[in-house]
Structure formats: C-alpha cells, structure tokens
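In what follows, chain A forms one complex with chain B and a second complex with chain C.
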Partner chain A sequence: MHGGDEQHETAIEPGFDFISPRFEEPKFPMHQVWGYAASLVLTFAALWMTVNRIMSPSVLLGVVLAMAVGQAALQLGVFMHVRESRGPAWHLVPLGLAFAIGIGLVGMSAWIMLFKSGVS
Partner chain B sequence: MSSQAFTGGHKASHQELPPEFQDQEESIKITGFWMFIVTDVLIFASLFATYAVFVNRIASGPTPAQVFQLNTALIETLILLTSSFTIGIAIWAMRQNRQRMVTWWLVLTVLLGMAFVSIELTEFAGDVAAGWGWHTSAFLSAFFLLVAAHGTHVTMGIIWAVALLFQLRRRGLTTVTRRKLYTFSLYWHFLDIMWVFIFTVVYLGGRLI
Partner chain C sequence: MPALPSFVPYLIHTLFPPWVRRPTEIGAEIMMTAAGAFIVYWLLKNKKLQWLWNEWLTTVDHKKIGIMYLVAAIIMLGRGGLDALMLRTNLAMPTLHFINASEYNEVFTTHGTIMVFFMAMPLIFALFNVVVPLQIGSRDVAFPRLNAISFWLFAFAAALFNLSFVVGGSPNAGWTAYPPLTELAFNHTVGENYYFVSLLMTGIGTTITGINFLVTILRMRAPGMTFMKMPLFTWATLNTSVLILFAFPPLTIALLESLLDRVAGTTFFGLAHGGMPMMYVNLFWLFGHPEVYILVLPAFGVFSEVVSTFSRKKLFGYPSMVLSMTAIMVLAYGTWVHHFFTMGAGPAVNVFFGLSTMLIAIPTGVKVFNWILTMWGGRLTFTTPMLYFLAMIPTFVIGGATGVMLGAVPADYQFHNSYFLVAHFHEVLIGGTVFGLLAGVYYWWPKMFGYKLNDHQGKWSFWLFAGGFWPTFIPQYWLGLEGMTRRMYTYPFGMGWHTLNVISTIGGLIMGAGFLVMVSNVLRSRLHREVDATGDPWDGRTLEWSIPSPAPEYNFAVIPTVDERDWWWEEKQRRQSGEKPAGPRPEDIRAIAIPKNTPVPILLGAAFFVGAFGLVFTWWPIALMGLAGVFGVLIYSWFQYDHYRILSAGEIRETEELLGRLGA
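What follows is the complex of A and B.
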C-alpha cells in the first residue's frame, strides 16, 4: 500500500478494463429517476404476466426470474455505483464469484429436486 | 469543494475523487463493506436454495398460493423500491454537499423502511394467527427463515440509519460520515435486490408452481 497523497495512477492490465473505476456526478439525478421508473415497470410487468398467466408456468417463471436479474443489475449499476473505487474496482471479482456460486447453489438445488425418485 | 470536482471520468486522479474515496482508510472500509455484501449474497443464496428444496413439502399445511397475498407483496415491493430510490437521491445530494437534503431523504428512507417492516410483521402475525406458523411444514419453515432473514436485515438497517441521522446532525458531512452514508446505501440497495428475488421466487413463484 502506498501513501495516501501519492498521485500515481494504478496501471490496469489489458483484459482487466472492467475493473477500471468510474465516477459520475451529474447536476440532476436523472440516472436515479430512470432507474426507479425502470424498476417499477419491471415489477408491474412481472406481476401482470404472472396474474394473467400469459405463458406456461415454467417458462413464465424463467422470464420473471430474468426480469429480477435485470432489476438487480439496475440496482447495482444505477444506485450502487458498482464501478466506483479509489483504485481498480477489485470488489467486482469476488462479487461476480459470489453471484455465480449463488446461482449455482440455488439452480442445482432446484434441479436436483426435479428428480422425484430417491430421498424425499 | 465544488460539485464539479468529481466529474473526471475514469482517469480521475485521487485528488478529484469524492472525499470518501480520496481518504485511503475510508476507501478501504468501502472495499471491506463490499466483501461483507459478498458473504451476505452467499447467505441469502443458501436460504433461497433451502426454500427451493422445501417449497413443495407442505405436509398437512397450506400451499404457497393459499398463504401469499400478492397485494401485500406488491405494496411491500413498491415501498422498498421507493426507499432504494430515496437513499439513491440522498447519496447524490451528499456528493453535491447538500446536508439538509441528505438528512430529509434519509429520514424518508427510514420511514419507508419502517412501513415495510410493519407490513411484513402484520403479514407474519396473520399467518401465525391462521395456524400457519413455521412449525407447520418444511415449506413454511423455509419461507419464514428466508423472508424473516431479510426483514431482520431491514430492521438492522433502520437502526443504522437512525444512528447515522444523529451523527450527521452532530458532525455534518465529514469524510467519515460520508463513507458511512455510502456503505449504508450499498447495504440498503443490496436488501432491495434480495427483496426483488423474494418477490419473484416466493410470491410470484407461489402462483406458478
């Protein structure tokens, strides 16, 4: 670790551009307003699709789950400023790993329960 | 410090960063808080997996469709989405150095959080009064565990935010209070993400399986 007032820029390896920090501070919080509106639209759309059963339940579950992932991405990008960092945004790496493990854990648990035979 | 100071894009040097990132120690605490969120993602993943495994194990108890009221779940979702927006505006105001604005948007966030927890507790009390407690079936155990874990997080967040309001009043927008507000906002948005998944998997999913 270097001293707090040191001015050098941390070099980011090629291929690791996704961890380069970004900051945005506009005069009016337009991003937040759009993010809020988009999350409301996604919520009502998912609810409407479910109540009206516009397709077969298993496909619909996949669709509303995809919409939830969209909302999560919206929260992370618009509200959590996920790329803000002092140096390279290394927290993106373990965060991505945690989401991958989480999806694997939930997905495989749901999958294994599809087998009706065996332990119940 | 002008609000224009942070618009340097991704090549910003340390001097142009917002105060909570300019200070190395505080910026490390923000990274540390991200690591906490990483662990919390895994905790919620385990609870979601448990729910997925037990959702059909209703024993002699009610089915998900019988237990869940979509109206209530929708109101809870709208409250939490709105509170996510209000804390987002508070952080925006913080970057503009507008302390009064930060305070009021944070107060609004706390009130919305309290409304959410009250509605959730009313829902739980209604379920238990109907004889649908956590001991009724594996499905209800998993449901109460998952949703109450989220509700407990929100309750902790409310206590944290109230403490922050006092600190803000006493100390103003310092480097430290800015970092605390920033990590609180990360926590609150994270809870909103978890709720969106609960709404989708538990409440909407209850109508689809």
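What follows is the complex of A and C.
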C-alpha cells in the first residue's frame, strides 16, 4: 500500500498548495526523537517555572500558555504527521476549523468568567 | 479464637459503611448476588461459558457490539427507572419520608447520571453500531478493535458506577456534580470519587466511538454514496460524532480536576487558594449543552428514517434537513451559558447566550415541519415506531417552546432550578431522545435479530409509556411556577403542591408499567418468533434492508454501487422489472478479510476497572496494579500480528446460497 502508485493525481489550485500531497519515510525517526526531547523540555520547564514562581503570575500565565501552544504545534507536526498525505491534505482544513472553534470556546469562557458581581 | 487481623474491620468499615447497610441497599445486594450466582450457574450447567467468550465477550463485530450496548442500556433503563419511582414515591407522600434527605440526594444523582451516561448514550451507540455500517454499505467500522474497547470501557464504568450503591456509598451531588459540594471538605464519602472515575472511564470510550464513526462515515461509504445521498440517520451519526469530539474534552478536564481536588489535595475548584468553582460550572456546561444535542440528534435521525418508511415517501426537504441538522450542530456550541444565567455574568453575556439559545429553535422547527410534510399525502402505516414518532411531535414542540422560555434571561431567574426546568428537560429527553431511541429499537429489531417485536404488545407498551408521560411531567410545569424547586425530598402540606405531585407519581407508575410490558414483549417475541426471511419486513428504503437479517458477518457479499438517495427503494423497482439481477451475482463475490476476535478489549476494560476501583478508595497499590494491567494488556496486544482471517469466496457463496440471496 506504500509508495507512489496509490497517489491520486489531483490538480491543486494555486494558493492551495499547502494541501498538496507529500509523504516522508525516513530510515530512522530522528525527527521524532528530537520532538520527544523538545516536548519533555517544554513540559518540565513550565512546571519548574510555576513551582519556583520565577515571574509574576500573569506574566507566567502568558509564558506557559505560549509554551503549551508551541508544544501542541510541535506534536501535531512531528507525531501526527499533520502535513503529510498521499492525496491532497484535506484534513488541514477541518483542523484549522477545529482550532478556530477551540480558540472561540476558550475566548468566550474567558469573557464569561470575567464577571464582577458578588456571586461566586 | 484467634483475633482477626486488624485490616479486616478496616475493610468492612470502608467497603460497607453504615449508609450502605440500609434495607434498600441490603435488598439490592442480595438481589445482585442472587442474579449473578444464577447466571453463572446457568452458564456452567449449559456449558455456555466457552460460547459466551467466543461469540460475545471477545467479539469485534459491530453488530454484536451493538446488541451488547442494547442489553446494557435496557438494564440501566430499569435501574434508572426504579430510582425515578423511589423519588416520585417520596414526593407523593411527603410526610412519610419513604427515603430520607441524604438517600434522596443519592437517588436523584444516580438516576440522572445513569439515565444520561449509562442509558441514553449506550442506546445511541447501540443504534450507531447496528445501523451505520449497514446503512453506508460497509463491512465494519473503521477500527473494529477500538470499537470493542469503547464498549468494554463503558460496560466496566457502568458496573463501577452501580457498585457504588452497595460498596462504599453512592454519589450525592447531582448529575452535574458542582463544587464546592463535591469537595472533600464537604463530602467525605467515596461516592463522588465513583462519579468522577466512572465518568472519566466511559468518557474515553465515548470519545473513541466518536472518532471511530467519524472516520467510518467519512471514509467507508459504498461507491457512489456522496454526502447528499447519505441516509439521514448516517447524517445524524456524523454530526453527533463531531459534537462528541469537541464536547468531551472540557468534561474530561472538569472531572479530572475535580478528582484531583479530592484525591491529590489540589484546589482547582475549592474556594481556598483562589480556586474557581464557577469555572467547573462553565466547563461542565461547555460539555453539557452539546451533550443534549448528542442525545437528541440520533433520535432526529431515527425519526427521519421512520417517517419516510412508514409514509412510503421520500423524506420531504432532504437538503434542508441536512442543513438544519448541521446548523444545530454548530449552534449547539454557542449556548451553554443558559444553564447558569443566574451566576450573574452580566447583561452582555446573558443576552448573547439568550439570543443564541432562541436561534437554535429555528433549525429545529424546520425539521418538525419537514417531518410533517413527509407524511402529507403519504400512505401511512401506524406501526409502533411510527406511533413513537407521532407522540414525539407534540411533546417535543412543547418541550422546545418551554426551552425558549427558559432562554429568556429575566424569566429564567424565576424558572431556574424549579420543577419548570425538571418538566422541560424530561419533556425533551423522554419525548425526544427516549421516544426516538425506542422507535429505532423497534424499527431495527428485525435487522438485529431476524424477527420483529410483537406489534400488538408494542402498542400496549407505547400507550402506557407515552400516555403516562403526560400526567407525569405536564403538572410539573405548574409545580415549578408555584415555587417548588428541584431536588427537594419533601415539602410542607400547606403549599398546595400535593395534588399535582400525586398525579405526577401516578403517571410515573404508568410509565413503569409501560417499561415492564416492553421487557415482556422482548421476551415473548423471542419465544414466539416468526422468522423474517426477506430481510426487509417494513418495505424499507435504505441499504441495510437489502441484506438478510440478521446480517451475515461480512454484511454485504458484494458492496452495491449507490446511485440514488433511497437506493434500496429504487433498486427494488429495478429488480422487479428484471432490469437488475435479484441479488449479488456469484461471479462478483470475492474473498473477504474479517477481523479476528480478541480478548484485548475486555481485558483492558477489566484493568481499567481495577485501577479505577483503587482510585475510588485511594488505595494506591491497587490503582497502580490497574495501571500496570493496562500497560500489560497493551504490550500483549503489540505482539499479536495477524488480526484478520480470510473468508473465501466459496464460503460466502455458500452462505448466500443458503439464504436464497444469489442473483442469476
């Protein structure tokens, strides 16, 4: 099932070449080793910074959030092979939508929880 | 006599504290032990253990998994219904205190949780499993083994949750489990641990099921079945799967953090150290509102199939049906604050979510009109599933209208947490979800088992269940307006609530009778079964009716090419006119790879169960044993290489021949 014979020759419109087929099969998964190491570093760095409170809480929150987003991108790229596909990578489109929904839900939750009334 | 080792009294005290040594609990214990012993005895006596293991417990066949979900869901409906009747008995006789305040808390908690997570969800998955692969012309789901894992995680989670009643104590903070009531400081028993752990477990299974059916529908449709040719139950499954995918993560987080608060000393939701109890509420309903659409969209799918089959007409307005269902799916993510308007988030937030709530009524209305117009000018037959459909229309319309009333923010300050709400959600959950799922069970029963349920008894059960529904829940709207709040175990006589409560309880008993007639119908229809050789007893329209009942393990000897929306309906015409052969032609049949049975799913479920039990009692060694078990099973499964066995073309031809299916 591997290899090029399965490839569907679909013409991709210019401007949509981010979904054009690409497929990698390296001998040794060096990418993944690096990805794993980087994920561990990002996780333990966040934990260490939080436990030792090296910055003010609001700055720390921002930094940890940024590291989390970075790690999510890293894992999607390295372990989920997000850009690879034998045919056009249509999954990138719903994935983008999923991110939009996710960010929307988080944003709305933040908005909701900003309430200032006496109830808690 | 030598003294008992000291851990024995400790064990007895922890596992069987005084609140599980009340008459109801002891009764349940005796009954459960007796039933278990009887089943084991029967299996041993008839030498059925091997059969049970080979045919059912290790199966990865979606049709059998569907049937196991169905059995579990019906048992859970019985337990949830018994809980409901205990609650109703208390409210009809408020001075007798048939059960006391803390028991009442436990019983409404287990009732709500079981009905939503261990009755409605598995019943939905039963239909997904039984119907979807057949309806899209596929040989199985995308990941058969994961499908079995989903089932066993659910089954062991349900067992764990029900165990709480007799070992350690039931949860008691409502099906929503809000903090601070669930925090350790206010709630010492292990009950809430059971709640969090078992819902986490079944949540993993549910998420996997969502992914599985999403992939199945996207990738495994028969050739020619474009999106706009998919049957509506398949559309409903697709939308439900997307809802599951996005709704369960917030629930998982909320449950996990609550559990950590209880067993690891964190304060995510406790009031101390800046915990945010309202964040739990936000997360819970971020899941909870999509969840109500997870519960109702499959029912919409069933109704669409049922109304078109029994009107012998194409569904009216198919594209608008698809569009409205998808619109509901998207809008379902934008309304969750209507469950906590009274938190006081301020007018901007409340108005936004009030409006989005009302907006969702529009696509729902579109669906109701389309169903009615499908019947218009059709040739109707009033079978049991069709009756459930007809009964749904008025209940769902009233339930939907009161839902819009609850969405009106200022009015909600009055309705919130009153019996008005209890009436509303039962009206949509029973009138929508349960009627729909029961219609689906009656409708697809012949596909699952090869014979119909008796229609006469089905109608008896229908009239009792749907007839009892109105006196049970309509009076509760008035009770709510008169100020009776939910989750109260008693009330003073002078409030003027007694008559309406008695009516409601009588209605509940009638519904209970309806359930019993349904169970007896299942048993009697099996004893006196009239085998249906056609595979198409309702003169159906979609692919699943084109194959024998019950479907052979490979489903389709030859996968059909779909060219029409109601393919089977058109195909029948073509076959009658001799334009097409009457069945698959022998020369078209090829060998088929069938996934092999495997013990991995049930063992994985059991390992999870052990670990979860350890977590409930915070006995870490046992929890670690469970974890080790999970890894052990996974490692064992890595070294299983051949997952498939080959069914040769000859064998398939023989089976089809025996079933009288081969075309010339």
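Rule of thumb we're sticking to: the second predicted complex is superposed on the first by the 109 of 120 C-alpha atoms of A that agree within 3 Å, B and C clash if a C-alpha of one lies under 4 Å from a C-alpha of the other, contacts with A are read in each partner's own complex, and residues count from 1 in each chain.
Assume contacts are C-beta pairs under 8 Å (C-beta built on N, C-alpha and C of every residue); 3 or more make two chains touch, one makes a residue touch a chain.
This is a predicted model, so every value here is computed, not measured.
Undergrad: So if we stack both complexes on chain A, do chain B and chain C clash, or do they fit?
TA: Once chain A is superposed (C-alpha atoms), there is a clash between chain B and chain C.
Undergrad: Of the two partner chains, chain B (first) and chain C (second), which one does A:80 touch, if any: first, second, both, or neither?
TA: First partner only, chain B.
Undergrad: Is A:71 in contact with chain B, with chain C, with both, or with neither (first, second, both, neither)?
TA: In the superposed model, A:71 contacts chain B only, not chain C.
Undergrad: Which partner does A:21 reach: the first (chain B), the second (chain C), both, or neither?
TA: First partner only, chain B.
Undergrad: Between chain B (first) and chain C (second), which does A:109 come into contact with in this model arrangement: first, second, both, or neither?
TA: In the superposition, A:109 contacts both chain B and chain C.
Undergrad: Is A:101 touching the first partner chain B, the second partner chain C, both, or neither of them?
TA: In the superposed model, A:101 contacts both chain B and chain C.
Undergrad: Could you look at A:60 and tell me whether it touches chain B, chain C, both or neither (first, second, both, neither)?
TA: first
Undergrad: In the superposed model, does chain B or chain C contact more residues of chain A?
TA: Of the two chains, more chain A residues are contacted by B.
Undergrad: Which chain A residues are contacted by chain C in one complex and by chain B in the other?
TA: Dual-contact residues (chain A): 98, 101-102, 105, 109, 113.
Undergrad: Looking at the complex, which residues from chain A come into contact with chain B?
TA: 1, 4-7, 9, 20-25, 27, 29, 32, 35-36, 39-40, 43, 46-47, 50-51, 57-58, 60-61, 64-65, 67-68, 71-72, 75-76, 78-81, 84-86, 90-91, 94-95, 97-99, 101-103, 105-106, 109-110, 113
Undergrad: Please give the residue numbers of chain B that touch chain A in the complex, ascending.
TA: So the residues of chain B in touch with chain A come to 3, 6-15, 17-18, 21-25, 27, 30-31, 34-35, 37-39, 41-42, 44-46, 48-50, 52-53, 56, 70, 74, 77-78, 81-82, 84-85, 87-89, 91-92, 95-96, 185-186, 189-190, 192-193, 196-197, 199-201, 204-205, 207-209.
Undergrad: Quick one: in the complex, what on chain A touches chain C?
TA: 98, 101-102, 104-105, 108-109, 111-113, 115-120
Undergrad: In the complex, go through chain C and note every residue touching chain A.
TA: Spelled out, the residues of chain C in touch with chain A are 246, 250, 271, 276-279, 282-283, 286, 333-334, 337, 342-346, 349.
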